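What follows is a pair of complexes built around subunit A, which joins subunit B in one and subunit C in the other.
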Partner chain A sequence: MLDIKNLSVSYGKTRVVRNLSLKVNTGEIVCIVGESGCGKSTALKSVLMLDKNASISGGEILFDNKDITKLKTEEIRHLRGSEIAMIFQNSYLSMNPTKTIGHLFYETVKVHNKKAKKNQCLEKAEEIMKKLRLWETERIFSSYPFELSGGMCQRIAIAAAMMNDPKLILADEPTSALDVTAQAEVIRLLKYVKDNYNTSMLIVTHNMGVVANLSDKAAVMYGGSIAEFGDTWDIINNPAHPYTKALIKAVPEMNGKVPEGIEGLPPEFSDEKGGCPFAPRCYSAKDICYKNSPEKHVVSKEHIVYCNFC
Partner chain B sequence: MRHLGTVCKKIAISAVQTAVILIGITLVTFFILHISPVNPAEIYLMGNSGNVGQVSQEAIEEQEKKMGLDKPFIVQYASWLNNVAHGDLGKSMTTSKPVKDEIAEHAVPTAVLTAVSLLITVLISVPLGIYCAVKKDRALDNIVRIFSFLGISMPSFFISLVLLWIFCLKLQVLPVIAQRSPKGMILPAAVLIIQCSSKYIRQVRAVVLEQLNQEYVMGAAARGVSERDILFKHVLKNSAVPILTWCGMYFGIMLGGASVIETIFSWDGLGKLAVESVTTLDYYMIQGFVLWTAVVFLIVNFAVDVAGDIIDPRVKRGRI
Partner chain C sequence: MCLLKVTGLTKTYKNKKTNIRAVKGIDLSINEGECLGLVGESGCGKSTTAEIIARLIKEDSGTIVFNGTEITDDKRLKCVGKDLQMVFQNPKDSFDPKYSLLESVMMGACSYNIYSKSQLRQKALELIRYVGLKESYSNRNIYNLSGGECQKASIARALICSPKLIIFDEATSALDVSVQAQIIELMLRLKKENKMSFLFITHDLALASSVCDNIAVMYSGRIVEYGPCRDVLSLPKHPYTKQLILSVLPVKTQGEFKTPEFKAVRKEKGGGCDYFPFCPKADDKCAALMPEFVKHNKTKVLCWLNENNEV
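Up next is the complex of A and B:
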């Protein structure tokens, strides 16, 4: 359903996403993990061509076999919020502070269907919200985003994303700004949506709990490219890439031990020299890693890794 | 009306504030006039006889008594305030006409100039400011930026003289002095428009740009809202309060009378009246003028406040 092939995205001359390839099948949840600044948000936003400063400098984004990068503005607009919905990290900031939540639901439908009536939209919103266990719908409809908690806004954003029955939901760190209980609730809602609507999802997250609980597949990103991609349990139990191994070791546990970090700094995007982006921080890096781009290795049927020594 | 309660509360609060501010402002002006070394009685007599140095000391003292200037400062102020409370602003010391009538008479040309200048300023600045924000750093934005900086950095007397020189002396298409006629209004209005638009365009651009960079803009785009709707239904609505506030400010400034411009172009409005009153140290005239300016600003402020309440729910619900 979503097939990203060799995608490169640049801000000006800086190539931030580099030859990224990623596939999301129908009804599947794929999580992207990786350090801050490795290009996750940029990649996610480029699926809907949302960032005006970013330009696609190569590759294609196939959605139902149409290349999104070649669509006209109005065609892309029709995908946004209807076939592909997006949930942001801070939902309450991504809602206009001077419009009520009711208006948000109404507008989300109205922009794709001029004939939509407000009360019908709100009825539908109410139905979705009830399913997502959001009560007090009347009060919520007449509230402004700043009158609700961050967790509430995030749950509302999920409900709003469902208004046009999208095939794919993109979520950029949907739990990062929330406290632990609100995180659990958001994870539960996303799982509910997937199980009941068969919606595909591409979720960027820092939270290994989200990856483990929610995703079918996980993509580990480093320096703008995919380092490893495969079944979530396969990745967690048999990580192949040195970066994935380090990342999993860095997850804090509830046993008082301080987790190991990864030495060194994330890569700069300014240089365009070849080689593996992780090589400077990799324990097992050899000369060849600095020279040649990492090769694709198939670990198992649904598990690939980009590394010269795996 | 849903906002009636808030509006009533606002009116009550601002009525008290207004009284305090008015007393403060007039007290300060009165005091400044009081400590100034020039004697208004002397000026009054000199103006009447037309001769400098020929006014006798006795005559001055007699005149001081007539004007009430021999009394202590606070008594003078208190009696002025008492009169004002009864609707009497006193008489002009130079023309002997009631201050109220003088102000009312001179307010007409200033109001006409204000209405025309403000209307054109808004019609130029708001669309251009919005356009420059949306098409940031494109050709027109850069051109407008240059003109804005020029307009902001040139003092009004300089712009006035340049326009006078071009249109009255070189091209000779406009009369140098044409009091209270539409032709005579062109140049003073032009100077006001140039001055205010230069600032206003930049202010509109800045606030729209700030809104365009908010996260909700991308949020709306991600839901499929078109760029046009994002601009007109979201961004501009959220920019309306500051844009309106500045508009009110320019209205206040213009209605207070642009002294320099009115004097240069002999536009017989409040600004010119104010300059004349200061040169003759016309106590009650100056006090009346200060009072007028203060009242205009207080009313404008209040109107803008109430408008903001109605437009922005964050204000309405007491969040800002």
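Up next is the complex of A and C:
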């Protein structure tokens, strides 16, 4: 479905995403996980060319065998919201505060199909919302985004993303702004969408709980490139990369144990050195890690690690 | 020794059309060197409670005794400021963007006259190191720091006048796990070395379990369960606490994960328990009468169903 090959994205001269390769198959949820500032959002946004300041300096993004990087602006605009839908972290900020939610649903369809009728759109929206267990549709359609809670807006964003039956949904931290109960509900919805519409998803998050409970595959990102990629259970139960291990240890648990932080700070992008980006914080780093870029190791089928000592 | 004691706190936000009862009567206490976690969903009144205790907004009724003095009068700010500090959710918004890191940290003590100028500067540098920031950052603008670094800076600012109690209002919610863990480590160190007390507001139960001694679960402006952290989280008594614990996404489980199911019961609201419309076990009594606290060992629970140890 989506095949990212050797993608590099730069802001001016700084390379933020470095030779990223990632595959999303049909009906599969892939999560990108990593610390703030590791380039995961930039990578996600570049799929739809949403960031004007970022430029793609290498590689290709194949969606249905078409290279998105070579499409014209018009063609990309046609993809947005119809074949590839996007869900943002703060959905209510991405909605027009002067228009009602009903209008939002109408507009989502109208952009791609000028002949769309408002009644039909709302009927379809209602149908989707009923399936997603959002009740009180009448009230929701007539209210403005700021009148609804954050969790509600996020669920509406998922419903709106489904309006044009997209093949792929991109979600940027869809649950990070929500509390636990709303988070669980959004996870349930995304799973429901995947199971019933066979939609693929690429989700960016820093929450390991979301990764564990939602995704089929997980990609751990560090310093702009992939550190580990594979089946979610494989990655969580048998992490191979030192960074993945540290990241899993840092997740707080309900048993009162103190989570362990990772010493040091994430790398800065301005000075691009050779070698493994994680080396300065890695407990098992040796001289070779600072010199050579880590090599690709295959742990098992579909479980890849970029580390010299795995 | 009891450091903070809050009794019968209420607050209503008045609007032209509606009155929102954000806090409907809260009792809590924090001893010296203790950390109390206040957990609950968004909109349950956690932050309002914190802001009242920090004297940022005024309560409608109730008393707050902090460090032996009642601080509910109008003259309160002076006695609070030095000993009670607050760390906010979005650290960048709580700093003046014009100043450097060092100046910002120093500013925490500027209105109390505790240090001389050189002392203040030295203390600030010391704290910047203590919270885990590089000293070379001290002349950087706050704007150029990352979210986690900024949060550490705001802890340094809170520490500069050596307070007795720090309120963390969702201070870790915007940070990613590894930075979160660093902040937790810092809090535990402060608790151990300086006997500092914390009011830790969060919606992350797992995080609360790693740092809090006691925990108070809030729902719709009331505390529904209050007791030692371990007891509350391992043996929750209130149906809401159970639901809340169920919705934490586990990371390390074997096999298929079951997404928590929410039974959308939604009965008509009666005059009784706030949680009644969503409670799977509610009966007629819950609809009619407001429950009272029932004690179980060290935990107290606001629920009728617990009267005979039914739950």
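By definition in this document, the second predicted complex is superposed on the first by the 310 of 310 C-alpha atoms of A that agree within 3 Å, B and C clash if a C-alpha of one lies under 4 Å from a C-alpha of the other, contacts with A are read in each partner's own complex, and residues count from 1 in each chain.
Basically, a residue touches a chain if its C-beta (ideal position, glycine included) is under 8 Å from a C-beta of that chain, and two chains touch if they have at least 3 such contacts.
Bear in mind the structure is a predicted one, so any value in this text is a computation, not a measurement.
With subunit A as the common reference for superposition, the partners subunit B and subunit C occupy compatible, non-clashing space.
Once chain A of one complex is fitted onto chain A of the other, the partner contacts of A:56 are absent, as it touches neither subunit B nor subunit C. Aligning the two complexes via chain A yields an angle of 70° at the C-alpha centre of subunit A, spanning the centres of subunit B and subunit C, rounded to a multiple of 10. Using the contact criterion defined above for the overlaid structures, shared-chain residue A:81 touches subunit B, although it does not reach subunit C. Of the two partner chains placed around the shared chain by superposition, subunit B is the only one that A:146 touches, whereas subunit C remains out of contact. Greater residue coverage of subunit A by touch, when subunit B is weighed against subunit C, goes to C. Legend: residue contacts after superposition of the two complexes on their common chain; A:1 is shown touching neither subunit B nor subunit C.
In the superposed pair of complexes, A:98 makes contact with subunit B only, with no contact to subunit C.
Contacts of A:71 after superposition: neither subunit B nor subunit C is touched.
Smallest inter-chain Cα distance, subunit B versus subunit C, after superposition on the shared chain: 9 Å. Across the interface of their complex, subunit A is touched by residues 214-216, 218-226, 229, 234, 237-238, 311-314, 317, 319 of subunit B.
Against subunit C, the residues of subunit A that register as touching in their complex are 35-37, 133, 135, 149-151, 178-185, 187-188, 191, 206-210, 212-213, 236-237, 246-248, 250-262, 265-266. Subunit A contributes residues 45, 48, 50-51, 77-82, 85-86, 88, 90-91, 93-100, 104, 107-108, 111-112, 144, 146-147, 160 to its touches with subunit B in the complex. Those residues of subunit C lying in contact with subunit A across their complex are 41-43, 146-149, 175-182, 184-185, 188, 203-207, 209-211, 229-230, 233, 243-254, 257, 259-260, 262, 264.
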